[in-house]
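Just below sit the structures, each encoded as structure tokens.
Each of the next two complexes has chain A plus one other chain: chain B in the first, chain C in the second.
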Partner chain A sequence: MNEYSIIGKPTTNVDGVAKVTGEAVYTFDMTLPNMLHGKLLRSPHPHARIVSIDTSEAEKLPGVKAVITGKDTPGGKYGLWRRFRELADQEILATTKVRFIGDPVAAVAATSEDIAEKALDLINVEYEPLPAVFEPLEAIKDDAPLVHDDFENNINATRHIEWGNVDKAFKNADYVREDRFNLLSQHPAPMEVHSSIASYEKGSGRLTVWSSTQSPYFLQLGLADALKMREGNIRVIKPHVGGAFGGKNSTMPDSVNAAILSMKTGRPVKIVFNREEEFSATEKRTAMHLAIKIGLKKDGTLLAKEVKIITDGGAYTGLGATTLYLAGTWITFPYKTPNYRYDGFRTYTNKMWSSSVRGFGAVSAVYAAETQIDRAARDLGIDPIEIRRRNAMTTGYEAPGQYKVESCGILPCIDKMEQRVKEKWANLDKDEGIGFAAFAYMSGGIFNWIDTPYAFSGAMVKVNIDGTVDLFTQASDIGQGHNTVSVMICAEELGIGIEDIRLHPADTATTLTDLGAWGSRETLMNGNAVKAAAAEVKKKLIEVARMKLGENIVYDLDAKDKRIYIALRPERGFSYYDIVKDAIKGNDGEPLIGIGHYTPHRKGMVSPAYAMGIMGVRAKVDRETGQVEVKEVIVVHDCGQTINPLGARGQVEGSIQMGLGFGLCEDLPTENGLILNPSFVDYKLIRIREMPQIELFDVPTYDPEGPYGAKESAEATTAPTAPALANAIYNAVGVEFDSNVLRLEKVLKALKEKEAKEKGKGRR
Partner chain B sequence: MKKELKFVVNGESYDLWVEPNTLLVQVLRDELGLKGTKWSCDSGSCCACAVILDGRVVKSCSIFALQANGKEVLTIEGLANGPELHPIQQAFIDNWAFQCGFCTSGQIMAAKALLDENPKPTREEIQLAMDGHLCRCTGYNMISEAIQDAAKRLQA
Partner chain C sequence: MSNYRCPCCRKISSDPHDLARHFLGQTDSKHKDWLKTKGLSYAQLITSQTEFGNKGYDTLAEVLKKEAPKVE
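Moving on, here comes the complex of A and B:
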């Protein structure tokens, strides 16, 4: 085991002082001189043809500087799935028809938000309403209205995954069961709404955009496609971001309309969504119908799994096609599945589109798989922890043509859980139950639908004469604490302190490309890039130190604790600061710079490394009201070498909070395409009093692909939370569910039904 | 018609003219440039905008600026003593009690009001006082721990 100076040590946030003093600037807070405020006019119809738009009255309103509609845009379509042009299906402003309530049709720039708002009321849009379709199972019917004319039966994307011989395996199984689930949506609901400022430079034709994005590079490409500009002429800067959770990957109407309005007016334009727009017209979790069939041996060994999913895609693609693939992938984890078949369909419907949300593809899929495996265990008389142990993946496990698991700590995680449960949860109160769910998640995805020719992450380290370091990387801290991780890795590699490093993050003009903060990718992918950049500088410093020492190359040198010295003779060496001076002065003043990049190679289709673990939930059900109280959570996870235990714990706690929301109280009910609860009054987040205490255990492994062996810890625990809770509810009161959001009325109804059924049996 | 607003913010006296329907959060952010106070939900239901008004924590999005006339407001910018952080701020840093930071100013101001009134709150008292302060990142437990830690620091 390596002795690290910084890696693995609890380290406070490098942005901490800024964030606790109110000095941290978010796009939402920014103003530029001479700035205008933009607002969007959105469709009140779920599906309608645009007959005409009259903006003349709005243009006359004093203070209004520009009004734009679809005809003022460069035309064409854009989207994140750039490699597959037919899936780039978004328009800047709808030109011929609107496809959901909230589809933007016009935008205004004015001297104040109030005036812009008033101008929206003066725009007259004539619509011809069209028949609309809201449910995926309706959308695929032959007579359903088409959301996009070129997509038959409203099928936006399909995925098929298969290995082994599924049909034969089912025949050989002792026990086969099929379950169907209807998994509901969830909004990322970040505290900072989508916010963008665009400033167009008249002379050069260049554009600068500040935005609350989770991927500056995706936004740069999205804007270039939408505006038909060279991407190098667009500079995206990500200030502090007030949360994203998967909802800020796509290029949304805020940034792109602000850009066009800025071009038209020659002034900076800011567009900020209000909370209602945030809830009703930004990306959300993918709702889906899911059928899952498993075949097991009597001893619980999984032989075959067959999964069919049809997702409610909404009006456009976003990252929804990736969700479709990932749902079909995560539903096999973390178990050895010798025979597997998956068919997934994503449908277009006349609603706000669904995309990626924390636990991308995993949350809904794992809910189904992890409640089902408990049902199978009950039927077969096997303990729920034991059935998971019997099927758990092991190091080197490979799903043919799909993925290979290099480091795999799931078995020791299960052992630890079993031990803790015996110690803590041997005696339960009346109507209390415990439930479990195992999980795995990617450390960044190996996907290139964005069609980038660049490495997946890049970083540059510049060492100054006084030994201070400027670290440049496009990686995005959206609250998860990656800025701290970047700096820790750079400091560890160079053997210097956190305080020696100034980070310059997330500016497409000054930093090397990184694909952004999604799929838990920054620690592994950007971590590797930062480590490589720092290692390049370290190599140069070691060369200088070696020359000074006059030693042969057989003597290894280390850089640690601000010194560079012979590894086996630590007293023989020099101060890091002196070596930096020598390196620069002795080399004609050549800048001391290191550049690093990372792209996964030969790591399959999914991810270079997988975090794993198991979660246990203890919950109590009130039989009178149906109210579920989550008492306590135990998590045992393998996230490789933890870089920052403080940050990793924060990620797990936050993931569980969002997972509990998915399990208990967050959903987005609609009526004819209208979201009925677009505010924090009606959309219920888990609050402080509902949050259980969490006991977290690390079972470290070393992943050969991760920086210092690190894997992800940001999203994995979102997925097991709700199914572990559902299993605990069954354990407590014996009711099970084919859906999430187990509000008291749902639980009470299930309890009443169970009671009635038991009475009926008694009478017979 | 604009009316006069005389009040003290972070120890500084201000004399402004504001429209009667202007919210306190608007004056703080847009007139005084104190952007540390956030505005998130548009419905008075998240408490990201919390500030301390004459010793009590209030949602600055839910009161008119003129209601602060003659009163004293403390915002996140007024909490530190120059370069020296307030013990609550330091405890939030040391306990990783924030992630994105957007709700943090409101959380810290509510924690300040709580600890001024109840210097040794139990976990349940903290949860009661902080209920309604929405946070999407942290899962709250590390906020509760930071407030307990801050209480200890303030006792010392």
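Moving on, here comes the complex of A and C:
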């Protein structure tokens, strides 16, 4: 029985009409009076010392209002790792040397974008090129050039995780295998490029920034550190965001250079990256070399796992150190792993830096683990679904010192998948195969590298005399639909309609801190804060209703369907609107205000809750061309109590689209550090016509930590897509891969090699 | 039972392996320089951990067992 009026009901986005009619305003669209346009001059060298910069000719160009270089900045470094200052390694503009092709060295503000572009051509920078390093396995060598002088062997960050007795467990295993993978990068490729407008008031010394960001709070802190300002003097407003997918967490050169140019000119300055800049000089998925060793019993029970990862970090840290940790965590999910050892190393290289992208550490790690477990199953003669079932986590499973799984639906997900596949995919065409991959993901991270003293999320609810509600929250909707989720939670808790609520999102001056939209954190973390804020107001309304009813205190009251009534006697109660009027009038006219906060406590090191599931992919391979056609996808997903099934479905589809891109076609090839395909002409995304049919099943669980039992939904499904596809390809034509991006030429080459090998065997 | 204090910061651990993991997780020069005084290289210890096994941590744990100040 669904006890809820709003939660769990398919609901169209509260901002959906505005988005499809063009009414919604993105930073990209905005213009302020008297606004200037900024552009960045970027390094053409992957690694070079800056000898001199001459801006005099650019400054003379009519229309140019300011030109800045590193010497015009406050100096010092900044970054997301504020708790570990040595990892805060970004500069506003490079001062002594550039570390990747695209590192900004100067910025211009002019009356038009064209003039600003022309001015860039007039800036003369003299560089002394330095030896560069592009590959992580080269970067850690003793004689490799140092990207940052203070980091020996270019080791930016390390992570070690260990529990149990790994060496002993391997000795006791019946079957041990090692596999090595080279997992390639992927760009978030949002439709809206990085865009910011900064407006500095010289009189007050206050700065307002509108930006296409995932976290107004992270940006506020980043700007405060970079500009050496008090954070309270910086207001960040996040308008609608046209996609981010992990690439808009860091304080990037658009916002911070716009701020300095605005300070210098006294006028608002807007900086919008072009598509080439977006591809070449914004954060991307972390490429990695990954070695994985597993030990199993004959029956497929996992005894031990050991993982080594070396990531290609690029020039700066971003969130890459967290990716390193999470990759070593997700590679254990969703299986009971009694003995585990992980060593991860993030290397600096002379490339644009890598960070978090949809699936934050999971996508590459799960590719390795889920293709390897299929290989082990084949060797041991065990069905691929059965080996996953035998090792699946159960509720209460704990990895010592790391995480505890409080709700876990993986086993019923596996059962459902088995049943559905038997019904649906019993008969396959020639060269068709089915592959599976299981998955899990976090409902926000328990990480505080940003070093906030505030609760992880906050919300405020104000009820007006007419019963309308203003909901203030800093949580970020970046296209994932959280505006709708937060309004649904508020409406459910107060027992009112979605139409009664006006949302005021993502403005650091008017809302309580929220750490932003990353790691699928908003539904659980902000959802709890919104629920708590609404519950505080509800309590006040119920007190008034109880007074009016004069009933025995043992009777509980509910707020639902715009009424407040005795739970066991719903006919006895009042209109919500009448109670609101009484509550405000009876309280000296003060509006009803509720405040809610959420910070995870005693939930381990990773996340307060974990979504789980399994994906099945049916694919066909053309042996003549190597072309892979993804026919159908089945997803069985445990995301606790789904708040908005319509939003969740959309997010699953988007995650699969990105997962297929990672598996089939998205790649960022480089030559001496230069990205060779920085445009949508050459960067191949999966388009709507290439999307397979997707069948989605929910296996509901109740997570005690989530609002109404909710936890992460959908981002989890990015990770299993590529390994399920790779497993399907093997089952179709018998070739396996130790890398992603299975373009037709790669598949065709593998088919030819297999054919040649088989012919060779035949001759012997 | 004796605990081990990191020779470079306030970290205390009952297990030299745990202390070794802490030690190599630090990226500041203080920890790296201490290793040099013991004839060890941060980079070599780290790169030995990129192979299966635990050689880097085992090596450092042995040194810390002898050299780290003991606290009750």
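The rule is short, and it goes like this: the second predicted complex is superposed on the first by the 761 of 764 C-alpha atoms of A that agree within 3 Å, B and C clash if a C-alpha of one lies under 4 Å from a C-alpha of the other, contacts with A are read in each partner's own complex, and residues count from 1 in each chain.
What we mean here is this: contacts are C-beta pairs under 8 Å (C-beta built on N, C-alpha and C of every residue); 3 or more make two chains touch, one makes a residue touch a chain.
Since the model is a prediction, treat every value here as computed from it, not as a measurement.
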If touched residues of chain A are counted for chain B and for chain C, the larger one: B
Partner chain in contact with A:Thr21 - chain B first, chain C second, else both or neither: first
Which superposed partner A:Gly445 touches (first chain B, second chain C, both, neither): neither
Touching partner for A:Asp343 - first (chain B), second (chain C), both, neither: second
Touching partner for A:Gly247 - first (chain B), second (chain C), both, neither: neither
Partner chain in contact with A:Gln480 - chain B first, chain C second, else both or neither: first
Which of chain B and chain C A:Arg687 touches, first, second, both or neither: first
Partner chain in contact with A:Thr158 - chain B first, chain C second, else both or neither: second
In the complex, chain A residues that touch chain C: 84, 86-87, 140, 142, 150-153, 155-160, 162, 167, 178, 291, 293, 306, 308, 310, 341, 343, 345
Of chain A, residues touching chain B in the complex: 12-13, 15-26, 28-29, 188-193, 240-243, 245, 274-276, 478-481, 646-647, 649-650, 653-658, 679-681, 685-689, 691, 693-694
Residues of chain C that touch chain A when the two form their complex: 21, 24-25, 27-29, 32, 42-43, 46-47, 49-54, 57
Sites on chain B touched by chain A in the complex: 29, 34-43, 45-46, 48, 75-77, 79-80, 85, 89-90, 92-94, 96, 98-105, 108, 126-128, 130-144
